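Following this message is one structure expressed as structure tokens.
Should a chain be cited, it is by its letter among A, B, C and D, assigned in written order, with residues numbered from 1 in that chain.
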Amino acid sequence: MFRHTPLRHAVLAILALAALMQAFTAGYFGLEILIEILILCMLVLALDLVAGFGGMVSLCHGALMGVGAYAFAALATLAGLDPWLAALAAVALTAAVAWVIGAICARSHGIYFIMATLAFGQMAYSYVFESPLFGGDDGMGGIDRFDLTAIGIDLNDSRTFALFCLAVLGAVYLFATAILRSGLGRSLTGVMHNEKRMKALGLNTWRIKADVFGLSGIIAGIAGVLAAQHIMFISPGLLNWTVSGEALVVVILGGLGTLVGPLVGAVAFVVMKHQLGEVTTYWHLVVGIVLIAVVMSRANGIFGWAEARWGARLDRRLADATRSPTPEEVTSDA
Amino acid sequence: MKRATMATLAAATTLALPAAADTVDIGILLPFSGVYASLGNEIEAGFALGLETYGNDLDVEIILHREDTEVTPATGLARTRKLILQDDVDAIVGIVSSGVLGAVRDLVDGAGVPLIVANAGNDAATGEDCSPWITRVSFSNGQVNRPMGRWMAEQGIETVYTLAPDYAAGRQMIEGFAGAFTEAGGTILGSDFTPFQQTQDFGPYIAQAQASGADALFVFYAGGEAISFVNQYASFGAAEDLPLYGSGFLTSQLYVNAQGASAEGVITALHYVPTLDNPENAAFVAAFAAANGRLPSEYAVQGYDAARALTEALATGARDRETLGAALRQVSFTGPRGALAIDPATNNIVQPIYVYETVTGPEGMTQEVLAALPAEADPVNGCVMPSLPTN
Amino acid sequence: MLETRSLTKSFGAIHVTRSVSLRLERGERRVILGPNGAGKTTLFNLLVGELAPDSGTVHLAGEDVTALPVARRARRGLSRSYQKNTLFDGLTVEENLALAAAVPTGHATRLWSDSLSRPEIRETVAEVAEQVRLVPYLHAKVSEVSYGVRRQLEVGVALATRPHVLLMDEPTSGVGPEMSKGFHDLLNDLPSDLTLLIIEHDMDLAFAVADTITVLNYGEVVFDGLPEAARGSKLLKDIYLGSWEDA
Amino acid sequence: MTQDLSFWTLQTLNALQLSMLLFLLSIGLTVIFGLMHFVNLAHGALYALGAYIAATLAGTAGFWAAILLAPLGVALVGVVLYGGLIRRMRKSGPMAQVLVTFGLIFALLDLTRILWGDLALAMSMPAVLSGQVDLLGVSYPAYRLFIIVLGAAIFAALALVLARTQIGAMIRAGVDNDAMAACLGINVERLFFVVFCVGCALAGLAGAVAAPLLSVTPGMGLQILIPTLIVIVIGGLGSLKGAIAGSLIYGFVQTFGAVLAPQLASVLIYALLAAVLVIKPVGLFPAKG
């Protein structure tokens, strides 16, 4: 069951501090990378929710994010809806689509579940790719960011937008933990551990799975709306299965089913991608080897490894201490 | 993350010139990974050769900032923002896919940064979406195919079946051809658009075209799809009943060696083939082959001419965004493709189109030019060209 | 309370359950005896709906539930434990019980309430832990406790949904005689209005707790009656002990 | 449109050709899964490797040598992969296995780019197969017929091996219940190794025979992966019957979808997959119930 350990709190605090520092000090491209990380964080939180706590390894979360992005763009630019209203509708639509996919796929398990979600994701991708209404493979432009000038905030400034995304990510993280700590989330964990028993106890397990998949869709939809606003342009590539595959890699790299781990994974993945991308166009090779090494090490990703190595000791020490943990203490211990 | 930024700056390469008085920052925006990586590399090779050939006499230091657009418009846009906002470039060169061009159009137009398009052929970019800041030295999708429609009708071909991948460029290429062909009296018996980058087996479509009873088949394919298509077409042995014509990208110099004998007899039209007989081209082909060990393709010449256009503009004394933008619109020169000029109404290049047949030569496949169709400017297509703010 | 009428199930040519008709009254405690392969577990699977019968019906509290899925039957007060531990292995004993206890309250599907911290669920968990002697192990993970404790938890999870009818599939399977005795006390402590159907191999335990006994052989009911009658029955000795010795 | 009988014959042959190519790929993947519960996502990368090796060898050693050597080369890569990665991953969960092979996709993709470049390669077909054959009233490319015949022959051979030979019986026992098979004295590890290598060789063969038909590009492995996975999931994992049924369904739906409902061509197969999974969540002919 999900719970916050001192190590998790500490890592969250470090990540939040690092993000804030980056947001206030970085140049233009540094901010772009930060925003990219923040949006990826939301997507992998959505994925970890279903994959790490419900055993539903989805290859359609990229497509769900794309549905959110396209719905927002279409409602805001084509239908001329107020951006906030468009965002709300886009998130609701994404959640509904996710719920339906979850409900249909809930009966399948393992590789069949993966393939079923892949099928739905690719259907959405093909549809958008060939749809003249949404600009086909050329994509759609002219997407505006939220207008917060009424309260003195200009989101067209990269720094402000980065901080806005950070705030949204914080809210999304709290939402995800709230789901996991609810009766629904607890039951989901039960379903992952033993679906047969949950049924025998009287639980509609497909409903649990579909509901959480729908909730995960809300997060993916939010990520989509922000992704569309960030680039101010969207193209069908956003829905392709490789985006979902990459998100899955990030979740595993960070630590499946830890919620904090995928955030670490997102930072590691994006930084690695950009760093290597500067040096070589063959950065996939390095990512592939790192991925193999992480999985072969049998640790549950970077964060899972840290938790296994330092988690227990640190938790004990911090439990003994009467003070609340400070980041310095944690770094010195690590 | 700070190190990422520093690495980016370090990656900006300098073309060091002695005692340079001025510097200009040029962004190179090309795909270096993903399915278009080979095109990006080819254009870059041509661009490098162009700078080497024409850039040495200039009293200016050119600093290049190289960015990988991958294949995604979103990435392309993000990289363009970086070039404009962080690297503060004076001009941008490149862009392979029309999707990326569409994505960055508003940004470069709004920011007032001159963009030299070295490939993307999207008709709208020099049509309804035209911008005084965007100058295209490559081609437009309609431009390379319209003359072929008329030419084929003149050859006595009455009915045609068309095939192309189902995406914007594919549809525009076919539209350009079909419009001119029907205007000249021909009939399109049928058109299929194959799922882009998902179709590997063209057999069903080729069979469909054969069943239509058309006089000829006109197609547009590029990259791996071009190789697959030509090979599969040849294996069906349809050449006698249904000869293959196409947009010249189908049998580009880049792929003819992979297509081998399958490409024999295929007739296509394009703005460049390496066998063009003129002194500029002879010099270019020799220099390119010496540097890269292979013959240049149309992509290479587009990079080469992009560098030429840039250096011509610099030679007028232009050094910043405004002056470069104004100067780029007025360049005209005779290059490997023949006499080139920029159409002031659309900022698109005006160039001759060559009809050529792929034939077996002494060293593999080569191109035999059948006709040089005169240069003509694209229709304005709804382009309302505002004058540059400084003018 | 629980009734079957001519319940029949076969896998291919093998008839696992042949026209089984049973009737349990409210509060009745019935033990099912029978050699291995007599179709006892299959009968349980048919009763809770994990298998669908070829013919025949299952009635719960007077209503035909044959067409209902597992979860719907469970929500009507039918609960079961498994012969092979079917627990939430990565979780603690307390979490196992709480997951089960939350189901009938409706909190198990709610987004805005935490099933683990609801007072009524905590109360149920505490009560069940007391009933099945799990209080010392509440905070241990399932993987950390002994096999015997897991058997107790297996029953505890089934009990935590507060069922009206409880089916126990060999609750003492694989545990020593000492713990078998413990189960006797445990069963005696259960509320008297709970209807119990138990598959049991331990004869002493079976006769000690049973109000009535049903004997299955080759999927057929061969005896149905009071324990006293069964104890002396030659039939039971023949099929049950006979096969026991064979095995 | 003039759609007479010969047109249908032609398209049926096209569908069969695509089916057989997919069958060569999916059979290895599905039997490896059935036996080892191992989803090897890098199967597509091995197919691409087969195509590259064949295209390289064909220039010097000729077509037939290339077709023979490419599967052996890929099998050799399979041996290395099995010894270095797969064997160690046997006890890990399916998730870990999926990810290791996902990492392999990344690595192999860039390795082919480094070794062979970004530019597409091609391989010419032998003269004897480059013409057309008159069959059932249509003139059909000989090379495509060759693929159909090759696929059918391999299907027949595998069916025979599985049904009649001792190793076939061992594989069937292993797919059914590997613990039981081990109890029966079958050397399960060696069986896995042999099956894995044969699966790799078949992927290499598929790549080699596909090379003259398609262009050889770094992305071809990723491109074929999804169709292959769709085939084995529709067919049901672990069975020869499932692989052939899935391949035929895919081949016919794709081919006739392209001709009869071109607007739906790209969505059709995904819709079919979704439909199959809704009705039969474990595919049409899974090895186990």
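Methods note: a residue touches a chain if its C-beta (ideal position, glycine included) is under 8 Å from a C-beta of that chain, and two chains touch if they have at least 3 such contacts.
Since we're looking at a predicted model, the values are computed, not measured.
*Asks:* Which chain has its C-alpha centroid at the greatest distance from the C-alpha centroid of subunit D?
*Replies:* It is C whose centre lies farthest from that of subunit D.
*Asks:* Would you mind checking which chain's mean C-alpha position lies nearest the centre of all protein C-alpha atoms?
*Replies:* Located nearest the centre of all protein C-alpha atoms is chain A.
*Asks:* On a C-alpha centroid basis, what's the spacing between subunit A and subunit D, in Å?
*Replies:* 33
*Asks:* Averaging only over C-alpha atoms, locate the centres of subunit A and subunit B and give their separation in whole Å.
*Replies:* 38
*Asks:* Hey, how far is the Cα centre of subunit B from the one of subunit C, in Å?
*Replies:* 75
*Asks:* Rounded to a whole Å, what is the gap between the Cα centroids of subunit B and subunit D?
*Replies:* Their C-alpha centroids are separated by 37 Å.
*Asks:* Using the touch definition from the top, which residues of subunit C touch two or more other chains?
*Replies:* Residues of subunit C never touch two or more of the other chains.
*Asks:* Which subunit D residues reach two or more other chains?
*Replies:* 113, 266
*Asks:* Touching at least two other chains at once: which residues of subunit A meet that condition?
*Replies:* 126, 129-130, 284
*Asks:* Tell me, which pairs of chains are in touch?
*Replies:* Chains touch in the following pairs: A-B, A-C, A-D, B-D.
*Asks:* Report the residues of subunit B in contact with subunit D in the complex, numbered from low to high.
*Replies:* That would be residues 35, 37-38, 41, 166, 190, 192-195, 197-201, 203-205, 207-208, 210-213, 223-228, 231-232, 235-237, 254-255, 257-262 of subunit B.
*Asks:* If we count contacts the way the header does, which residues on subunit D are in touch with subunit B in the complex?
*Replies:* By the definition above, subunit D touches subunit B via 1-4, 7, 10-11, 14-15, 17-18, 113, 117-122, 124-125, 130-132, 139, 141-144, 212-215, 217, 219-220, 223-224, 254-256, 258-259, 262, 265-266.
*Asks:* So in the complex, the part of subunit B that touches subunit A is made up of which residues?
*Replies:* 1-5, 7-8, 10-11, 32-33, 37, 68, 71-74, 77-78, 81-82, 85-86, 98-99, 102-103, 105-106, 122, 166-168, 195-196, 198
*Asks:* Would you tell me which residues of subunit C are touching subunit A in their complex?
*Replies:* So the residues of subunit C in touch with subunit A come to 48, 50, 69-75, 79-80, 82, 86-91, 95, 98-100, 102-104, 107-116, 118, 157-158, 161.
*Asks:* Once bound in the complex, which stretches of subunit A touch subunit B?
*Replies:* Going by the criterion above, the answer is residues 22, 26-30, 32-34, 36, 126, 129-130, 135-139, 141-142, 227, 231-235, 237-238, 271, 274-275, 277-279, 281, 284.
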